[in-house]
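Structure in structure tokens, see below.
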Amino acid sequence: MPWSLEEVFKHRDAKSCWVIIKNEVYDVTEFLSKHPGGPSIILKYGGRDATSAYEPIHPADAIQQNLSPSQRLGSLREVDIRDLEAQGKRRERTKDEMRVEQAMKQRPPLNRILNLADIEDVARKVLPHSALAFFSAGAEDELTLRENARAFDRILFHARVMRPVSKCDPSTKILGYHSSLPVFVSGASTAKLGHPLGELNITRGCGTANIIQMVCTYASIPRGEIAAAALPSQTLFFQLYKSTDITVATKVVQEAERLGFKAIFLTVDAIVITTRERDVRSPWVLEAQEGTSQHYVEGDSDEATNLLGTSSLHVNQNNILDADMSWQVTIPWLRSITKLPIILKGVQCLEDAVLATQMGVEGILLSNHGGRQLEYSLPPLEVLYRIRQQKPDVFDKLEVYVDGGIRRGTDVIKAICLGAKAVGLGRPFLYALSAYGEVGVSKMISILEREIVTSMRLLGAGNINDLTPELVERVDWEPVGRQYKL
Amino acid sequence: MPWSLEEVFKHRDAKSCWVIIKNEVYDVTEFLSKHPGGPSIILKYGGRDATSAYEPIHPADAIQQNLSPSQRLGSLREVDIRDLEAQGKRRERTKDEMRVEQAMKQRPPLNRILNLADIEDVARKVLPHSALAFFSAGAEDELTLRENARAFDRILFHARVMRPVSKCDPSTKILGYHSSLPVFVSGASTAKLGHPLGELNITRGCGTANIIQMVCTYASIPRGEIAAAALPSQTLFFQLYKSTDITVATKVVQEAERLGFKAIFLTVDAIVITTRERDVRSPWVLEAQEGTSQHYVEGDSDEATNLLGTSSLHVNQNNILDADMSWQVTIPWLRSITKLPIILKGVQCLEDAVLATQMGVEGILLSNHGGRQLEYSLPPLEVLYRIRQQKPDVFDKLEVYVDGGIRRGTDVIKAICLGAKAVGLGRPFLYALSAYGEVGVSKMISILEREIVTSMRLLGAGNINDLTPELVERVDWEPVGRQYKL
Amino acid sequence: MPWSLEEVFKHRDAKSCWVIIKNEVYDVTEFLSKHPGGPSIILKYGGRDATSAYEPIHPADAIQQNLSPSQRLGSLREVDIRDLEAQGKRRERTKDEMRVEQAMKQRPPLNRILNLADIEDVARKVLPHSALAFFSAGAEDELTLRENARAFDRILFHARVMRPVSKCDPSTKILGYHSSLPVFVSGASTAKLGHPLGELNITRGCGTANIIQMVCTYASIPRGEIAAAALPSQTLFFQLYKSTDITVATKVVQEAERLGFKAIFLTVDAIVITTRERDVRSPWVLEAQEGTSQHYVEGDSDEATNLLGTSSLHVNQNNILDADMSWQVTIPWLRSITKLPIILKGVQCLEDAVLATQMGVEGILLSNHGGRQLEYSLPPLEVLYRIRQQKPDVFDKLEVYVDGGIRRGTDVIKAICLGAKAVGLGRPFLYALSAYGEVGVSKMISILEREIVTSMRLLGAGNINDLTPELVERVDWEPVGRQYKL
Amino acid sequence: MPWSLEEVFKHRDAKSCWVIIKNEVYDVTEFLSKHPGGPSIILKYGGRDATSAYEPIHPADAIQQNLSPSQRLGSLREVDIRDLEAQGKRRERTKDEMRVEQAMKQRPPLNRILNLADIEDVARKVLPHSALAFFSAGAEDELTLRENARAFDRILFHARVMRPVSKCDPSTKILGYHSSLPVFVSGASTAKLGHPLGELNITRGCGTANIIQMVCTYASIPRGEIAAAALPSQTLFFQLYKSTDITVATKVVQEAERLGFKAIFLTVDAIVITTRERDVRSPWVLEAQEGTSQHYVEGDSDEATNLLGTSSLHVNQNNILDADMSWQVTIPWLRSITKLPIILKGVQCLEDAVLATQMGVEGILLSNHGGRQLEYSLPPLEVLYRIRQQKPDVFDKLEVYVDGGIRRGTDVIKAICLGAKAVGLGRPFLYALSAYGEVGVSKMISILEREIVTSMRLLGAGNINDLTPELVERVDWEPVGRQYKL
């Protein structure tokens, strides 16, 4: 029996909460407490059409996978479907949508893009306000976000001259898999916010360029679709957000292995989600821009826990993320359910790097989640530097990667010189696909390649093994370097 | 016999000085030299109605307590009372008053307040100019004020991962009293300038949240009223400004003990008052804003001592504050008149911290009076760091607290990691109550709690004891951090 | 025989150069090469009335003393005198003169002056452009000027509490002479540019306040007049610019001793004069402001030596200043002609400080001439710090003074803590007298006294001997401190 | 047979590419791949008149020397020559040309030029946009460009006083050749972009002043002409860009020796050319200024290798520059074909400085190509400082020079104090000749001389040998110094 809008609208609170997605009606009452993004964002759309909020963030099959058959209540009435469509057409476009449309027309041609900052500039113009806020935000005052990048400015080169470098090969192996550059895609998810094809743009761009992509548990494209889009020779890694529900967690890992992902990057720096204030404020800023802000009312409800739920993009802490992972339990469990190599994503200090070698994992990704989690976490490059200075044998025992703040070929080279096997980039891939789709991703990789190869030659390095610690120095002054955009 | 305005006006200089407060006439001639705020501010109102200047700063009973019966001359005549009222009504509101009224209407709702800086932003808009100047001012060029805060930016975290933290308890004990957070209210007085209920807002907000309030000798609400407003289980501490008059000093301490305050924080960094230039200039700025500034006259009188008296908010140095306190005399005296634990508020270097352990006090509060006293005093966090590096056994001998520049949960955690038992916040409480009253105080505490708990979890800390020195590093570069508002 | 303007105008080049000063005609042809300010500035006025350029810089009797009777050619004709006067009256006032007049009327009253920066602000408004340029200029890019001041910001205090300081005495002895503060006037000459009474304002202000003034060889008021204006009990020191002409040099020193000056500060950092670009550019800036700039002409003459001569305020290097002074010759010579103590003004490094102790002088003034001479000279406070760290016995062997960048009471205290016997201030005295005359000088000293005494008390220091090295720390970060005005 | 424009226009792609230069037609099809500036810039003018692009960059004889007789196809028809001329006259002048013309008229007279920054200011105004972009550009974000200069700000002086310096001689010997200052011209080529007489302005200005010029392989004036313009006593050095073609390379070196150049500076830091983004963007900026920018077209071709070719000023990597030079092969080869001393230009670290001593070259020029090559290369002054601190015997084994960021006499002195035999300046010479031609070069040298001599005297140094390491200190804070213009 098809549903009427009127009937659906009766179910709009926590006691009974229905939503319409693509003209289908769902009962999400029970799901409220399981929603990784928290209940409040769903309740905001309770009893109403939630398609526009659902689509840019979720894989198409997400709702099917999470609801039981009885919770899929059936279709909307034809007359109401037409009604919704008519509403959609009548709806005036927002100022932000018009701005984006205009900006898309004025994008510079790709051959005028010289570096990753140029791509980011375009993306900042063409992204919807809320998507930009989500992509660009860091924790709290974004000090960590800035410091991640600034750390690279303190590392200068001791370039060597008179070394034959007409042949220069920047390729390497990561966990044994060939990579054309010592670079991989790290944690670039929710890509549909920036482009309808979402993460697939990355998959395709990386396939051509022979770069490895790490695919997130919360990718906005179904993992299977991403795996299917990969070339036969293409390597994909899997970024695991471990659920507290061990059954769910096991299923996710085993599915990833089955789909052909080659390694599990276990996320350890995001067991709870911190406040990314830029992101939380985004709807208020937009509201003010559109002139739709409500008069302020005294006595508005105010709960800290609500706060994190106002943004649908947060994976919240409704016991969905496992905050009780431990070295003793979690790693043996993971080892027991998969043969894939295990890498800890989000190691933030020397002590944990050493501990990881003792626990026998295959690698660690030094990362503070791109400055999106613990504010004042030491920049990953500084952690790498401390390992190099104090415990260089770590590099012999497992592979060490770094992400956070990498924007230039010289940044990549510095990390490799200090001992990293490869480096991850996240936001730059999201900016590239938002600005130009798949071709933007390809362009971005080709820029990195040009920068890496040119700088390697000028350093006197003909291949990755020539990039040694002697080529870099951490100086005791502060170069006037990059200005992190805010 | 009721007095006429005409008669009162005859007594307007240091030889005979009367003032009217709430329609009562007082002879303050003898009191001039005893006024903690200095004689000049009283003389400014000599022979006139001083109610508007008196009320926002003084406890209601202050004048009664300080004058003898013969100095309370009696009431004003009915006709003159009506005359004053009429004058009050005729008086045009100042631009500053109109600005404040408008700003109060435009305050954002509480659920749009994300952090303490947001609250401060609101307070800066809704506070009268002179109140803001008094609250926000630091000594001289306010370098110390800024450096207090900047010191926190140089401390970064070595976050630990894979530690179970779904349960996370930020509570602690301060001098044996339970506190829901390692945070207390330090030196936030004269609160009536920001809200009619003054310090009571703090008392009530802290009562609900289980946070300890330190109440100042010069609170703008009678101490008895504050003590009465506390919940039965609520802990209050007392901040003592020791008078040179030993009888007065003894009476104050013993009254505090009788009222149920649980500790005496002896103020040692404010034996004389330095020039807070922002505060001194405030009436001139206001004058210019209102368009009431006089033509400048050559030969205006100019005495340095006058200068400090132009602001009624200063406790001046008319021998009221004891500038001759000493380790040998003052501590034994205090010990002899009270059983309460003694904490020195305003220790500014390692040497005095060590000396305090030898003198057997129960605690020290590392503080430079929020940057309001000695310009170029080492930031309290840096003093704490030096104790940790050079004399860590201090932490075993007494409780160490820190205040100055703390605005984020991460700031609190850094101090605790370095060995502080708890930290004090002052101005943020004043801003919170000025912006939103008691609910502002509650909001502020809940923000701190959220920030502290989230950051503890991301650090791998499940309770206060997990916050150890290994989790922090003082880095050798200068992160681009907070900008202290001016 | 009185001269006609027409006749005088015939003598306007280096072959025969006459000038008119106060209606008297002088033949300065031979004097051209002896003019401390160089010949070109005189030639600019050759054959014409030079009174307006002569008066603000020179002691009234300078021309008499430097010319022989035969070079004093006699008076101008009455008719020409009247002509000059009429010209003077007809002359339109410049924009700069009008600006100054207006600014003088708008000066704030003295009781609104809180600190030395306030006085400087007033002075910058009321000084003629060229005078301000001369007073404020530093060498080349003025880096040294800025760094002199910034050095103080890196020194923070370890304040001691609980020390009796109700009595606090900031007085000291300098070379055995009593001084109410550890402060003296250093190198503040050419004061007539800022006030008609020139250096006399300082003499009188210091007399009342019991502060020692150092009087320059090139003071704009005759030394005898200054000495005569001093109180009987007042101490004056003499700043010697040693002439290459040993007869002249001897005469100057012996006259100073006869006039009652109590010490000879031998200037050793200004044997040649560097380019103070702000000062050199001043007439061009003024020209542009007044709209009197000439069309630019290709092929203008250009000699580096000319350059320094364009400003009449420079003491140039026409062999007038002795660039061949040496430890072996100059000090014994000076000792042989005077009994006064000898202080080297302009010592700029530890090595020379040590050498000075070996040569037996009574004192050294660590100074780089207020940033007006060698660009990139180490800030004097840093030199003092190095002496304290590396050769503290220097302080036992002679008195050490510091000048450069001192603007606050805390600056004074820091230098004293590090071992200086007293500090010198120069520009602040010039700004004070330019802004308010003698009363400005008094005000400035009273501000310093208030700041010094308050800060001493808050440091726990009851007198100068309590100011020890333990009270200060040179920190390893850069406080965000004073902004040096440009 | 004279050619028609129509016929020439048929040959405009890589298969058959003709260009017209000064009315002569050339077949450059085969030369495309040998063009040091890459093929794409030639192709842009394929089939058309290329004179305006060719002339400002190339020696007049370049095309003759590089093409065989059969590739010189003969003249254009008279009628077409007149047609081209008419086109040239009809062509409207660009906004940039008009700006430049206006700016040339408004240049300040030379006697208002006080320092090298003044000259640069003029040059920035009078240079065509593209020339300025080429001269001023650094690699990528120009961090290295800025840091080269900032390094000097961290070196302060320990000035010595009381040393006889009335005689002060700044002259020295460089590789045994007399130089009036410890300064030479380093890498200032392509000078015709700034002045029609190109590098000849430098040759003449240096001849008069007795300063040594290093002349580049790619000078825009034929080397023979430059050699011929030198005074008999004048010393010239040769900057070699070694070709991969050993015959070409040998010929170039031997011609240089024959022309009388006295040393070979082998360029080792520019084996490939990095992206100078400011330069690459220059035509786009100009296009926007002129209003001639095309509508952006999606799908524009985009190849990284193209990118470097868009600017004709780059020497590209078409195997023309030898990227396989080595210590073992290249130095013996060079030694075998010339008797001239060999200096390595572009040594960037201590390790290579030591290696150079072992290889027996006569000197090294510490340089990172003026910040135009490897971004984040250690500033040359810092490399010099490391040699002084860690391997001072290097200075005994060969001559060490420095270039990069030198703009003041104090900069020169600092490098000499640290052990450099002399310093090179590049851009300042280009700015000087662009602004004022030969007289600008002379002026620039005279400013440097004045600054060097004045500062030497104030340091207590009478000659170059007095400039010792004890006179300088690398401080541990960051002086607020020069702002590098962007």
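All chains are identified by letter, namely A, B, C and D, in their written order; residue positions are counted from 1 within each chain.
Here, contacts are C-beta pairs under 8 Å (C-beta built on N, C-alpha and C of every residue); 3 or more make two chains touch, one makes a residue touch a chain.
In UniProt terms, the chains line up like this: A, B, C, D = L-lactate dehydrogenase (cytochrome).
Treat the numbers as computed from the prediction; the structure is a model and nothing was measured.
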item	value
Copies subunit A and subunit D - rotation angle from C-alpha fit, nearest 5 degrees	90
Whole-Å gap separating subunit A and subunit B, where each centre is the average of the chain's CA atoms	45
Residues of subunit C engaged with two or more neighbouring chains	476, 478
Chain-level touch network, classified as line, ring, star, complete or other	ring
Residues of subunit C that touch subunit B when the two form their complex	106-115, 153, 155-166, 408, 410, 414, 443, 446-447, 449-451, 454-455, 457-459, 470, 473, 475-482
Complex interface listing, subunit D residues touching subunit A	140-141, 143, 146-147, 150, 154, 268-269, 271-272, 274-275, 277, 280-281, 284, 296-304, 306-307, 319, 323-327, 330-331, 344, 346-352, 368, 373-378, 382, 476, 478
